[in-house]
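In the two assemblies presented below, chain A is common to both, partnered first by chain B and then by chain C.
Right, the complex of A and B next:
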């Protein structure tokens, strides 16, 4: 079965004063129908740029390098003419951004922003678009939906705005929903509600979801599969359960140790030393070696490819080839 | 609504009412020479609240009708220049690159020439100035500043998240510009238009004073001041009538512009 979304060798660079930043560097992954894939990593590792690249929303000086490929439902998005691309945006692949506060146009009503998306993709009478918008607002859990149609974004709370963003994203029944840190800007209590809502709507609309988050806990609750990104590359992909039971890449292990857990004995939270290097100067060979507790000569001279690490698992780490060194 | 905005609205509203109903409000025909024997350069009195001029015309009637002429010219000129400025600013701000560079250098060139000299030069070349020509010239020389303002505003708006979000939802480019970018730049455009009306009235008065504006005997505040010029010592009320009207009107539009700015964007006030 071929995947709904096939990303191959995606490379997005930014020409900056400090040099060329390879924000996303040779990233490949598949997203199958009705599957939820979480893209996890620290700030600056290329998650969001990956999401924007999928819909060709990267603004200059950013550009997607020749040789990259994004196939959606068998069509190559990177060579799609503008009008066809516009139809894919919203109706094929929809995206919910991190900041619901700034992602809604402050001078237009909520209702107009939903119906506008519907009209952008379908020829429907105004009345029908309006009815659909009200129904969508109900679906995302907004009370008094008909009244709320006339509200402006500043009259809504952060959680409500994110619900509106989700309603807009769902308005044309996309096959893929990209959620880029959808709960980061929200209160903790609201976060849980929004995640629950996303999972529920994903099942109801039979969508595939690409969830972008820095929070492994969020990924654990909702994703079938997790891809961990570091320094512009995917360093490990695994089914969610397996990843948590036995992380193969030391970076993944570091992320897991850095997340506090409520079950199990109390232990200090440990972070990997250092931080993500700047994208204009990724370290040579294995990009994680300066922060890796296991690093040896091979890691400093050769970069591993994604090595087969068991059923449906891959990791970009020489430890997969030389497991004995893990004990040392 | 602040007091300033209320005051500005009331003053400008009153001016507009005066301009519309000038024929009903004016006690005399503004170009009728009432009494060339004994009625010239009369000081203000019960019969002529603002006095009369050299040709024994009633100054109050001339000032009231002048409001019509001045406000109409200024409004049309400003609509023209704001439209031009918005189109140019929008184009420059959205396209960027060499189009933007070329347009903005042209604007720099336009701004480098003092407007009043530019106007004098153009009007001097234009034989037998008609009011229409005056409006066109005022409009065509007034958009440089606006285009810069709009360009700056467009550049800041287009980088905002909701533009990317609308684009990601598949909203088309034309709609993106008209529905999402333009309304978010409306506040400074409105403020600039309001202040522009006051400024154009001032410029028009200046041109008419120099004899290059509204052709007599049509009353405009500028040529009322001009009519009074030879008699500044003997009959100062003539120039004062036109000058007072200009001062009051420009102030009214400035107050309204400032008030609108505060009201539309509390952060920038």
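Right, the complex of A and C next:
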């Protein structure tokens, strides 16, 4: 089965005062129809820049490097003319951001912002656009939808604003929904509502979803497959169950150990020492080796590619080739 | 429990929210009659969502915000009775660590100067002696002494929070209010900072009021837990007992909403309807009743304010039906 979204060698760089930051560095993955893939990692690992790159929303000084490829439904997005690209954004791939407060226009009503999006993509009469907008608000669980059409963003709670963002994202019936930390700014009880809503809408509209999150718990609850990013690279991909049962990459294992949880031991084992290095100075060879408890000479001189680690699994780690070292 | 180090009684803090030129301001009940006690060397966690009043409460305890009513006693001293000068001297004993160390450190001030400042304000050390103390403090929080010469923007989030902790420790306090100290940090850094806070507590015998919204983080820190909702305490007790069997439906919902990092261990979530109401227009009766999933919910919940009372050994709950064994949600 060919993938709905095919990303190959995606590299996005930023020219900064400190040098060139390779925020996303040779990232490849597939997203299949109806599949939910979670892109997991800590801040500064390149998750969000990956999401923005997919829709060519990276702003200068950021740029997608020549040789990268993003194919959606058989079309190359990186060479698409602006008019076609606009159609893909929204009707093909839509995105929901973390901070609904800053991505909604504060001086326009909710209703106008939804109908505006519909008009940008389709020639429909005003009344029909309005009816669809009301229907969308109902769909995302907003009570009194017709009244809420007249609300301004500041009159809504954080959870309601995120629901509006989701309504806008769905307004042109996308095939792929990118959700970039969609619940990070929300209270935990509201977060639970939004996650439930996203899963429900994904199933109802048979969408594929790319979920960007730093929270392994959220990924565990919603994703079919997980790709872990570290220092601009994907370091491990696996079906969700397998990843949690047996992480292959020491970075993944460290993240799992450090995740605060309500089940299991109250005090988790200490996490990997140190923190994510700056994107202008990724370590040579394996980028995780300075923080890795297993690192040996090979890790300091050669970078592993994504090595085959079993059914549908890959890890960018020499331990996959030399498993006996894991015991040492 | 020996004599508690910190005792808060019936603390109230309201804010007036302007409603426009010709309307009376509305009253926001941020903290609405809260009592708690923290034993020496203990960590009490204060948990709640936005608008619960947890941050206002933490600041009132230190008089960073003046309470409207109630008493705060720390180490036998009635903190609200202190005049300005006495309060300033007393601040040595109680310090605060904020969520965002970037916002609380002066960006132009070198790390060493920032840590040294409280030493000089309280007349604890000067000159070379102060330099040596700064170096020791940096090492104690796991940073090299050379960090003294750096500025906040040269540090990672975790390093900045370590500096924030070193600065708070400089005047040798006995009591620290930790206001969401790891919420802005990545998970591996979070774990490192929590470990540091526990080590410091053991070494220095510190007493913590740990304010957080994340129950999974709290579990790593606190033996005792207080849950706030809309300015009031709804449940309190030993943390592990609450995690095992909460005695307030709001606590149960909060616990069930925490994502589980285990695809095989997914449990039924209690998804509460709606958002927490604004603390300006509190619902009558039990403030939680409009969102409450409790099967026994009835008219009493809509009219009578439930008292926070002991419902089991060492456990308090403010649910009318806390003594019942009915499951807290369908």
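Here is the rule we go by: the second predicted complex is superposed on the first by the 323 of 328 C-alpha atoms of A that agree within 3 Å, B and C clash if a C-alpha of one lies under 4 Å from a C-alpha of the other, contacts with A are read in each partner's own complex, and residues count from 1 in each chain.
The working rule: a residue touches a chain if its C-beta (ideal position, glycine included) is under 8 Å from a C-beta of that chain, and two chains touch if they have at least 3 such contacts.
This one's a predicted model, so the numbers in the text were calculated from it and none came from an experiment.
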item	value
Chain B versus chain C as contact partner of A:321, first or second or both or neither	neither
Contacts of A:102 with chain B and chain C, given as first, second, both or neither	first
Broader residue contact with chain A after superposition on the shared chain, chain B or chain C	C
Touched partner set for A:244, first chain B, second chain C, both or neither	second
Which of chain B and chain C A:191 touches, first, second, both or neither	second
Contacts of A:254 with chain B and chain C, given as first, second, both or neither	second
Partner chain in contact with A:18 - chain B first, chain C second, else both or neither	neither
Which superposed partner A:312 touches (first chain B, second chain C, both, neither)	neither
Touching partner for A:206 - first (chain B), second (chain C), both, neither	neither
First, second, both or neither for A:215, with chain B first and chain C second	second
Complex interface listing, chain A residues touching chain C	42-43, 157-160, 187-193, 195-196, 214-218, 220-221, 240-241, 244-245, 254-263, 266-268, 270-273, 275-276
Interfacial residue positions of chain C with respect to chain A in the complex	49-50, 156-158, 186-192, 195, 198, 213-217, 219-220, 240, 243, 253-266, 269, 271-272, 275-276
Chain A residues within the chain B interface of the complex	52, 55, 57, 59, 86-91, 94-95, 97, 99, 102-108, 113, 116-117, 120-121, 165, 168-169, 171-172
Chain B to chain A touching residues, read off their complex	159-162, 164-172, 175, 179-180, 183-184, 186
